[in-house]
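In the two complexes that follow, chain A is the common piece, with chain B as its partner first and chain C second.
Coming up: the complex of A and B.
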């Protein structure tokens, strides 16, 4: 098993490292520049503004470097070659482990570099009291407006670390969706852009049905909605729907169309 | 001959005639309770009631005719010796049936109206009459309501006879399935035409002019147009039956010269793709209609402005951006899937069969462009249908039509340009995923805060950028279409001269 994992990592090494470096570079540059067009109160907000862009395209970032492998192995008949050499379930499992860990790495490293740049390299910001309650006229502190406000203000490094961990966990779900697509679907274009299209369509459909709190995007970046829209379920339902979709796809291809991963 | 006539009449007035009597009865009872009109005016109101005619009488009449249509039974035809005699007996049966159909309704109205004051003159009392305009029109041509009643009924009988004969002809030449589809689409066409008064003047297409007399008041001379079109229809059906009754209609000879088996067309316009297109467009249009239906005096042009609005430049609003991406990107995504699968087999056998490599490219591009055109057409048609079904009227039809066609044409060129861009990048990179993603990411340029982004060719067909809404800060339609055509021509030249050769290496 360990050797299989090392083998898969050898195959995916270069694309994943390249993707990590590219994403870190992009987030770094955005964190250093974008905040200048906004008025921010806390240093970490520069990081939030930069990751708004990444939130939109992150399925492409994690699926493109990793999920092409299975499709090409099936097409070149490399997969049949492995049947006599490795246990089928172990082989697929090692693939999944490597793909998930690499997507975890891509998102976590790039996000955390963004946090560090925002906190330690960006210049200091001064707090300007700008939002006032419409009824009482008092100043609303950021703790009350922002999600996990206390953590956000007092321990920003911990907040950034936890949020990067959470986002990497979510990206594992998206990459698993790409992996399942690559196991069953014959069209490399659908495999690579499938999770991205799912992400966009789910965002759109939930917004039409006025269920914005339960999107996958809300779970990914909880500060995209105001505090009233966020509750415990907002973090869970988006990923759960994604997992249900993956199970649906597996069920459909296994039981309805009866197609197997390894050709018979 | 007489036996066929008798049998047809028996088949027409069976149990389902009770349905007609019941509906007529309920309708007239409902009106009779509340009316204060004189006897003649009451009958005239009954036989010209819009909802009764469109939504009850005509569907029942079509149902009756449909049940009466039949395959020609061979032993009947043998006994008749010529088809023409059989046809004439059917026509006589139709005449008697239609007269009976109209007579049933008229007698119910006559019976139920007993008790109202017998006053054979037009007293236009606007507190009692339902349709003041209509009766005013009637007073211009008739002095007494009785004349109007008689003329309307005779006209209805003649019109229904013509319609029944035409449907008999259709049923004889086409199969029952096809002719039923034609009948239903004619009915829908008539219902649509009633909402848009301008279209109703086109002769032949809208059957309501044939049997509803007061629809011929729209312009002077319309009565003559309707009567002559009825005449033409009768004469042509008689001639067709007499001369060509035994010659089947062969669609390949009727519709086209040579139709070659087009593999790409079948693959691209598959059922799955069409269902996806119609589903996406219906969801987006429905959402739009529900969003803007609360505005007063909503016109069709405003609806089309809203659906082709797209996304305004120099701002970041993720939800509208997503909506524009989905509306523009659905045909591109389906085309990319199709290209990825079908564009891979470029081996030697295919080059040999095509004779020239350029013909492969041409076929691909032609099918893709037609696909985009169908997509834009479906947007327009679905919007139009949803608008009408919501019960809104269409005014200023010519102006709406002009705007609709220009917006549709510029949107068609826009999506075609994006597709050609995908294809060109594909010739460079060989990788469909990257080309699709690069083209979609060109839309992100709209976020940038500079003024000249308004002229960026991708997304230029969004009405949000046009001078219609932005004045002198926007682009006029002529300029946007010219920019799009220049870019399309440039990409086409590149693909056809250099690009496709890279694919075959």
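Coming up: the complex of A and C.
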């Protein structure tokens, strides 16, 4: 199993490393520059502003460098070649492990680099109090309006670290969706963009149904909604729906269409 | 009322894009499931993305904006990216193009759409027709007419050819053209009035894009043809060299053969036994007339190709006889196109024949008329079945493979390119049915 995992990593390392570097560069540049057009209360807000764009495209960032491999192994009949050399379940599991860890790495490293830049590299800026109560005119402290406000203010590094970890975990779900698509679907465009289309559609449908709090994007970026819209379920429902969708896809292809991953 | 207006506008845009997209797929406009589903999905997507759901917990309002959608059905770069991704998916599913063709057909579709739309908008602005109440319908209708012209009249074979071939330079040019147009539109914030502030600059940019693309395609097309000629020569000339070596070897044994015949004469006492033995001996030593005929052909590439096919047929226990009259150089087809037609017809005949059967190939090039016919034993085929055989993805062989159904379609494509005709017939010879498939090109 270890050898299989090492083998899979050899196949994916260059695209994954490239994606990690590229995403880190983009987040780094955005963290260094974008906040200047905003009024920010605390330094870490520069990172939040920078990662808004990444929140929109992160399914593409994690699926594109990782999920192409299975599609091409099936297309070139390389998969049949592996039947006599490795246990099927172990082979697929090793692939999933490497793909998941890769997407975890891409998001965690790039996000945490943004945190470091925002807290320790960005030059000192004038922190402007920007939120005031519309009735009383009093300043609303950030602890009162930001998710995990105390942690955000007093331990921003820990906050950034934990949120980066959480986002990386969510990226594993999205990458798993891409992996499942690559197992059963013979269309590279559906495989690579399917999870992104799901992400957009889910966001759209939940917004129409007035369930913005339970979107996957809310779980990924809890600061995107006001504190009143966030509860513990906001972190769970979106990912659970995605997992249910993946399970539904597997069920459909396995039991309804009777498709097999390995050709008969 | 606004919903109806949005519905009609998005439908017109959808049909325009559909017509340009389907042009690259070699599929016909039919009211079949795939085409209707394509139109439905694209229309639904462009319709829904224009709706803005606003409101509070008590009531939801639907707001529709009509500003910024003059050029494309989206009005942001992100929107264009999403539209491109969506088109990639539906084109690959419904038009069954391969990955490369899908990507470049979408890029070229956007280039053509943007050029047509901006040109029409510019003309309407010049003639001050942008103040008409039906303006937003007018330019969309004109775009639809433009798309119909593209579909029915303009020969887009050149573009399709470059998408299919290994022509990296032209493909890079398509991508750059697309990015330049996208930059122009994005820079003007999808506002046609801003874009038309400098009509002369815009015209120069558009003309440059079109002319440079056409010139590069023309130049690279000649290079591709040359490459194909060399490829075919490299593939089949060595084979004819092998045949020459083979024949020379047989000639070298001439003295030994004569000694062999002499020894049969010396050792046989009976005339009838002598005749039988000599006949048997000479038959086994004789070079087949068929092979000699192929060796003597002036077209060496055709010679090598036919020898290869004869050997291939013999390996399957099938006899292949080729009759060649005239010179292939008189024909306006390229060598590789003649080889492609022959290859497809002969391979089909070999697959359809059983061991012990006979395939006849006739290639005549007289007075600039090229006629190729391949005849083999097969069950009776009706005219309707013959017609279907030349359609894309139709195959009488395995239904599970996506790679079948291209052979005779390609023969038809080459014949159509030179305004030739397809020959199909059934012949009954000694109680057995033979089919003939071929082409005739003036």
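Going forward, the second predicted complex is superposed on the first by the 253 of 264 C-alpha atoms of A that agree within 3 Å, B and C clash if a C-alpha of one lies under 4 Å from a C-alpha of the other, contacts with A are read in each partner's own complex, and residues count from 1 in each chain.
Operating definition for what follows: a contact is a pair of C-beta atoms (placed from the backbone, for glycine too) under 8 Å apart; a residue touches a chain by one contact, two chains touch by 3 or more.
Because the structure is a prediction, the values reported are computed rather than measured.
J.: Determine, for the superposed arrangement built on chain A, whether chain B and chain C clash or fit.
T.: On the superposed model, which is not a single observed complex, chain B and chain C clash.
J.: Going by the contact rule set out at the top, does A:241 touch chain B (first), chain C (second), both, or neither?
T.: A:241 sits against neither chain B nor chain C.
J.: In the overlaid three-chain picture, which partner chain does A:64 touch, first (chain B) or second (chain C), both, or neither?
T.: Touch status of A:64: first partner only.
J.: Given the touch rule stated above, what does A:26 touch, chain B (first), chain C (second), both, or neither?
T.: The answer is neither, since A:26 touches no partner chain.
J.: Quick check for you: in the superposed arrangement, does A:193 touch first (chain B), second (chain C), both or neither?
T.: In the superposition, A:193 contacts both chain B and chain C.
J.: Which partner does A:203 reach: the first (chain B), the second (chain C), both, or neither?
T.: Only chain B; A:203 stays clear of chain C.
J.: Considering 296-304, 386-394 or 404-412, which region of chain C has C-alpha atoms that clash with chain B after the structures are aligned on chain A?
T.: None of the options clash except 404-412.
J.: Would you mind listing the overlap between the chain B footprint and the chain C footprint on chain A?
T.: On chain A, the overlap between the chain B and chain C contacts is residues 56, 187-190, 193, 197, 200, 204, 207-208.
J.: What residues on chain A touch chain C, complex-wise?
T.: 56, 187-190, 193, 196-197, 200, 204, 207-208, 210
J.: Can you tell me which positions in chain B touch chain A when the two form their complex?
T.: It comes out as residues 283, 287, 318-319, 322-323, 325-326, 333, 336-337, 340-341, 432-433, 436-437.
J.: Write out the stretch or stretches of chain A touching chain B in their complex.
T.: Going through chain A, the ones touching chain B are 56, 60, 64, 187-190, 192-193, 197, 200-201, 203-204, 207-208.
J.: What residues of chain C sit close enough to touch chain A in their complex?
T.: Going through chain C, the ones touching chain A are 48, 53, 57, 60, 78, 82, 85-86, 88-89, 92-93, 99, 102.
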